[in-house]
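There are two complexes below, and they share chain A, which is joined by chain B in the first and by chain C in the second.
Moving on, here comes the complex of A and B:
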C-alpha cells in the first residue's frame, strides 16, 4: 500500500494485468470435473442396469417364493401383473428407470414396504459404521505412519511392519467375537443387542464394530502412507523446506504429508466402497440393523425390488466416493491427474 | 565488499556417518579451500568425491542424513559452524547462506504454487512492500517473463530451466552473502545450462553474492569461476585461481582436463580417466589417486594421503611429485 501513495498508477496496472491472465488451472479443473461427472452418471446407469438384469436372469421365481407352493396359477398371474413381471425385460427396465427418477425404487414383494423406506431406515446405520471406522482409522494411521517414517530407526520400521501384518492377518469376525466376549460379558461396555438410531446414543453400539474394522484398516492405510512418506523424504524439496526454515507444523503439512497423502486419500475413497458391502459381517455379529443384512435377506428370497434398489444405492455411493477421493487427491497434489 | 577477507574457510574438514557397533564411515577427509566475499568458486570432481557433502556441511543439513562433520573446521565469517546450535542455524540457513539444490526438477515443492514458495522464502526475511510485489521483483531478477502466470502455476507446469530459476529466486530472497549452487544445471539442456550460468554470473556481479558452484563439468567451471577446487575421493587435491589452473599441478586435474570433450580432437578418441574412484571406506594407504595415476611412484603408495602444499589462497596441489607433471 505504501507504494500506491508514491506511484498511484502501479496498483491499478497490476490489477488489470491480473485480470487479463486467464486462470488455466481453474478452467482445466472445471472441464475435467464436468467430464468426470458425466462419466460417473454413465457408470451409475450401468450399475443400475446390471443390478436390474442380474436378478432377472438368476434362477428362482420370487412370486412363487412369496405365495408359497400351493398358490393357484391365477394368484401367481395376478401378482405378476401387479408388479409388472409379465412384461418384457426392457419394458420392465424402462418402468424401473423412469421410476427411479421420480424417487420410486419399487415395493418389496413380501413386506410390501417401499424400497426407499427400507434404505432410509437401514442405510444410515451402515454409513455410520463406515464413517466411524474410516474416520478413526485415518486419525490413527497418520501419526503412526509419520512417526515411523521420521524415526529412521530400523527397529521401529521392523516392528511397524510386523505388527501391521499380524493385525491384518487376524480375521475381523474373530476379533468381533472376541470383542463381544470381552466388552459385552466380562465388562458390559457394549449392549449385547438392540440399537438406538439417534447420533450420540448410537455410538455405544457402534464403537466396537468400528474398532474391529480399524484392525484391518489401520495397517493398510498406515503402510500405504508410510511408503509414500518414505518416497517424499527422499525428495530434494524436503531439504528445501528445511533450508527455508518453515515452521514445524507447516513443514509436516506442506513438505511431508500433503505431497504424500494423495494415494492414501484415493485408497480411502475406494475402501469406503469395499466396506459398504463388507460391513454385513459386523452387522450380523453385532446384530445391527444395517443395510447389508437387509440385502442378504432380500437376496435369499429373490426380493427383486429390494435387491436392485440396494445394489444401485451401493453402486452410486461407490461412484460418488471414488469421485470425491480422486478430486481430493488432485486438490492436495496437482501432480495427480484427474483424467 | 572487502576484497581478500575470507567469507568461508574450510579447514581440513572430515565428514562421516557414525554407525552403531561399526567404525565411522568417512566420506570426506582433508577438504581444504576458502571463499572470499563476492568470489565465484567452482568445486569439481567425480560422483562420490564428497562435493555435495561439503555443501550440506555449509548449509547445515548433514545431520538430517545421519552424517556429521567429524574433524576440521568450517568457518563462516570466522564462526565455526560445527559449534552452533539449531537456533543459530535458523538465522544462517536460507538467510545468509542460500542454497540451490541439485536437481532442478525435484527442487521446488510440488504441492505449492510458485507464489506460495516465494512467499515462504520471503517471509523469513524483512522487507518493504507487499509480498506479491516482492515476489514479482524476485522473478524479474531471475529473468522470468509472464510473471503473473508463473506465480499461479505449480512446479510441474514449468520447464526445468524455469524451475531452476524459481529455486534461484527463492535462494536470493534473503540476499545471501553466499549462494551454494549444487550442480544447478543437471538435467537441463545445453542452451538452458548456459542461460543459468549467465544468470549466476550476473547475480554475483550485480548483488556481490559469493557463489559456490558445484559441478562435474570442468569446462563449465573453468568458464565462469574465479577459483577452482578439485575434489577426489573425499579430499581436495588441487586448489587455485582459474588462470593458474590452466597448468594443472595434480595428475587428477590433468586427467580431468584431458577428458574434456571441448579439448578433444575432432575424430580422435575421447579420453577417460582410467579406473573408478575408490569407494567410500575403501581407501588404500598413501595417495588415494595412486591407483589411477600415470605418474605414480613408490612413495605414493605408503603413508597418509598427501597434504596440500603451499599456503591457502595460492595454487596448491596434493601431489608429492607436482613438479614432474607435464614433464613426462
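Moving on, here comes the complex of A and C:
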C-alpha cells in the first residue's frame, strides 16, 4: 500500500483490481451454479410433463385395455374416476405433479401395485449395475488413456483411435451373449440363473453384466481422457515436473490426471443415460431383477402407469446426475467457471 | 502439402473407401442374396439347428430356416429403418434448431430450449422403448419414436451452431444485398449449420442401427416371420448353448454395419480435419 501513498493514481487501481479477482470468481461461480440449478429444475419439470403426457400417445384407451373388451360402461367410468382420468388434462397433471413430491407415482392398472413400491424394490439392483460398470470403466480407461498419451508413437495413437471407434459399433447385447457363452458354458464363472440381494454375494451375478455394460463407456471415456491428457501434456508445468524429477506416482496424479480430470468427470455424469439404457438390456439377458426388466415387462403387458413412472424416474436421475457432474466439473477445474 | 499431412489425407481417404465399400457390399448382398440365393428366408425345413456347412453357410435355426438367407434378407429392414430413423430427426432437428438459433424471441427460445433439454434428459433407449410401448410395436413406430426422441439432440447442436453462423459476414452480406429471408435461411444458414448436424448424424447412425436391433431383441420390433437381426439374436439367445450360430451370425452382421459406418466417419473426420488445418 506504500505505493498508493506516493502515487495515488493507477497502481492503486491495479492492486484493488487484483484483490477483486477471487471475489469476482466466487460470485461468477455462484451465479453459474445457481443458473444451472434453476435450469435443472425447469428441465426436471419438463421431464415430469413429458413422462406424464406419454399416456396420451397410446392409440387405445388404457383403462378399457386393462379391463378387457367385455367390460361394462359403468366399470370403465368407475375405474376412470378412481384414477382421476375423467378430469381434464391439466387437473390430472397437477395431481400427478403434486403426487410425485409426496412419493406417489400412481398405481398399476393391472396388479394394483404402487409404482413407487415397484421402483423402490428394483432400483437398487439397477443402480448397483450402473455404479459397477462406471467404476470398471474408469479403472479400465485411466491406464489406457495414460499409456497412449505418454507413448507418443503415432502407430499406437492410430491403433487406439481406430479400435475405440470400432468397439463403439459392437452392440452390448451381442457382447453379453458372447460373454454368457464363454463364461457360462465354456468356463462356468457365471451362475446360470437366480440372484441374491445382499452386497458381496450379488457380485457373483453382477460382474459380467457390469463388465459388458462398461464396454460402451470405455471407448468414449478413454478418448476424452486421452485428448485432455494431451492438452495437459502441452502445459509448461508438466515439463517443470519432469525437470524437477517428481516421484512417479505424484507425477501421474498431480501433474497429469488431476488437471485433466474435469472434462472426464462431466462426461461420466452425462453418460449415466447411456448406462441406464445398456443396463436394461443386461438385466433382460442375465435375468436380473432390476427396474429395466420391470420396464420391459410393463411394456409387454401395456401397464402404462408403471412405464410412465419408471421413465420419469430415469429422466430425473439423469437430470440430477448431470447437475452433480457439472458441479464437480466446476470444482475440479475453476477455469471452466469463467468461460 | 507436407509429407505428414499427405499421409493423414491418404489414410482418411482409405477409411472413407473401406467404410463405403463395406456398407456397399452389405447392401449389395442384401439386394442379391434374397433374389439369387439357394433358400428363401422364411422357408421352413426339417434340417433344424444344423451347424454351418457348405449347404447352409451360416447353419439353420430352430425351424430349419437358412440363417445365411435370413441375415441378408434383413439388411434393408435394419439399415433402412435406422436410415429413416436418422434422416427424419436430422432434417427436423436441423430446421427447428436453426430457427431457434436465429430467432430473436427470447421467450419462445428459452421455452423450446428447455423442452429440448427435457427430451434430451431421458436416457435414449429408455425413452424410445417407452414411446414404442405407447405407439405399439413395429418398424413404423420405431422410426416415429426415434424421430420424436432424436430431433432434440440435432436441434441442440443446430441451435448452438446457428447462433454463430448467423453472425458471419456472408450472412450479413446476403442481408445487405436484400435477399429474401427464406433464401438466406435455406441457401446460406442451413447448409453451414447442417455440416455440423450431418457429422453428428454419422455417429448417430451407428447408435441407431444398434438401437433398432436392440428394440427387436427386446421384442418391440418386427412381426415374427420377418427376418431381422435383433429378433434373430433374440431367438438364438435361448438356444445359444445348443446352436451358437443362430445368434452369432446376425450379431456379426450388426457389427459389420456399425463398423463400416465407424470407419467411414473416422476417415471423413480425418480428411476434413486436414482441410481445416490448411
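Heads up, the rule we're going with is that the second predicted complex is superposed on the first by the 281 of 339 C-alpha atoms of A that agree within 3 Å, B and C clash if a C-alpha of one lies under 4 Å from a C-alpha of the other, contacts with A are read in each partner's own complex, and residues count from 1 in each chain.
To be clear about the criterion, a residue touches a chain if its C-beta (ideal position, glycine included) is under 8 Å from a C-beta of that chain, and two chains touch if they have at least 3 such contacts.
It should be emphasised that the depicted structure is a prediction, and the values quoted were computed from it without experimental measurement.
Engineer: Could you tell me if A:165 is touching chain B, chain C, both of them or neither one (first, second, both, neither)?
Structural biologist: second
Engineer: A:49 contacts which: chain B (first), chain C (second), both, neither?
Structural biologist: Only chain C; A:49 stays clear of chain B.
Engineer: Is A:39 in contact with chain B, with chain C, with both, or with neither (first, second, both, neither)?
Structural biologist: The second partner, chain C, only.
Engineer: Now for A:180: first (chain B), second (chain C), both, or neither, which partner does it touch?
Structural biologist: A:180 contacts chain C only, not chain B.
Engineer: For A:318, using the defined touch cut-off, is the partner it touches chain B, chain C, both, or neither? Pick first, second, both or neither.
Structural biologist: A:318 contacts chain C only, not chain B.
Engineer: Quick one: chain B or chain C, who's touching more of chain A?
Structural biologist: Of chain B and chain C, more residues of chain A lie in contact with C.
Engineer: So in the superposed three-chain picture, is A:277 touching just chain B, just chain C, both, or none of them (first/second/both/neither)?
Structural biologist: Only chain C is touched by A:277; chain B is not.
Engineer: Classify the contacts of A:299 with the two partner chains as first (chain B alone), second (chain C alone), both, or neither.
Structural biologist: The answer is second: A:299 touches chain C but not chain B.
Engineer: Scan A:101 for contacts with chain B and chain C and give back first, second, both or neither.
Structural biologist: The answer is neither, since A:101 touches no partner chain.
Engineer: Using the superposition on chain A as set up above, list the residues of chain A that contact both chain B and chain C.
Structural biologist: none
Engineer: Along chain B, where are the residues that touch chain A in the complex?
Structural biologist: 59, 61, 64, 66, 90, 93-95, 99, 101-103, 106-112, 120-121, 124, 128-130, 132-133, 148-149, 152-154, 156, 167, 170
Engineer: For chain A, which residues are in contact with chain B within the complex?
Structural biologist: Within the complex, chain A touches chain B at residues 1-3, 14, 17-18, 21, 23-25, 152, 235-237, 239-246, 250, 254-255, 258-259, 332-335.
Engineer: Residues of chain C touching chain A in their complex?
Structural biologist: 11, 114-115, 117-119, 121-127, 129-136, 206, 210, 213-214, 217-220, 230, 233, 236-237, 240-241, 244, 247-248, 251, 254-255, 257-259, 261-263, 265-266
Engineer: Which chain A residues qualify as touching chain C in the complex?
Structural biologist: Listed in rising order, the residues of chain A that touch chain C are 39, 42-47, 49-50, 54-55, 57-59, 158, 161-162, 165-166, 168-174, 177-178, 180-181, 184-185, 272-274, 276-278, 280-281, 284-285, 295-296, 298-300, 302, 304, 307-308, 310-311, 314-315, 318-319, 322.
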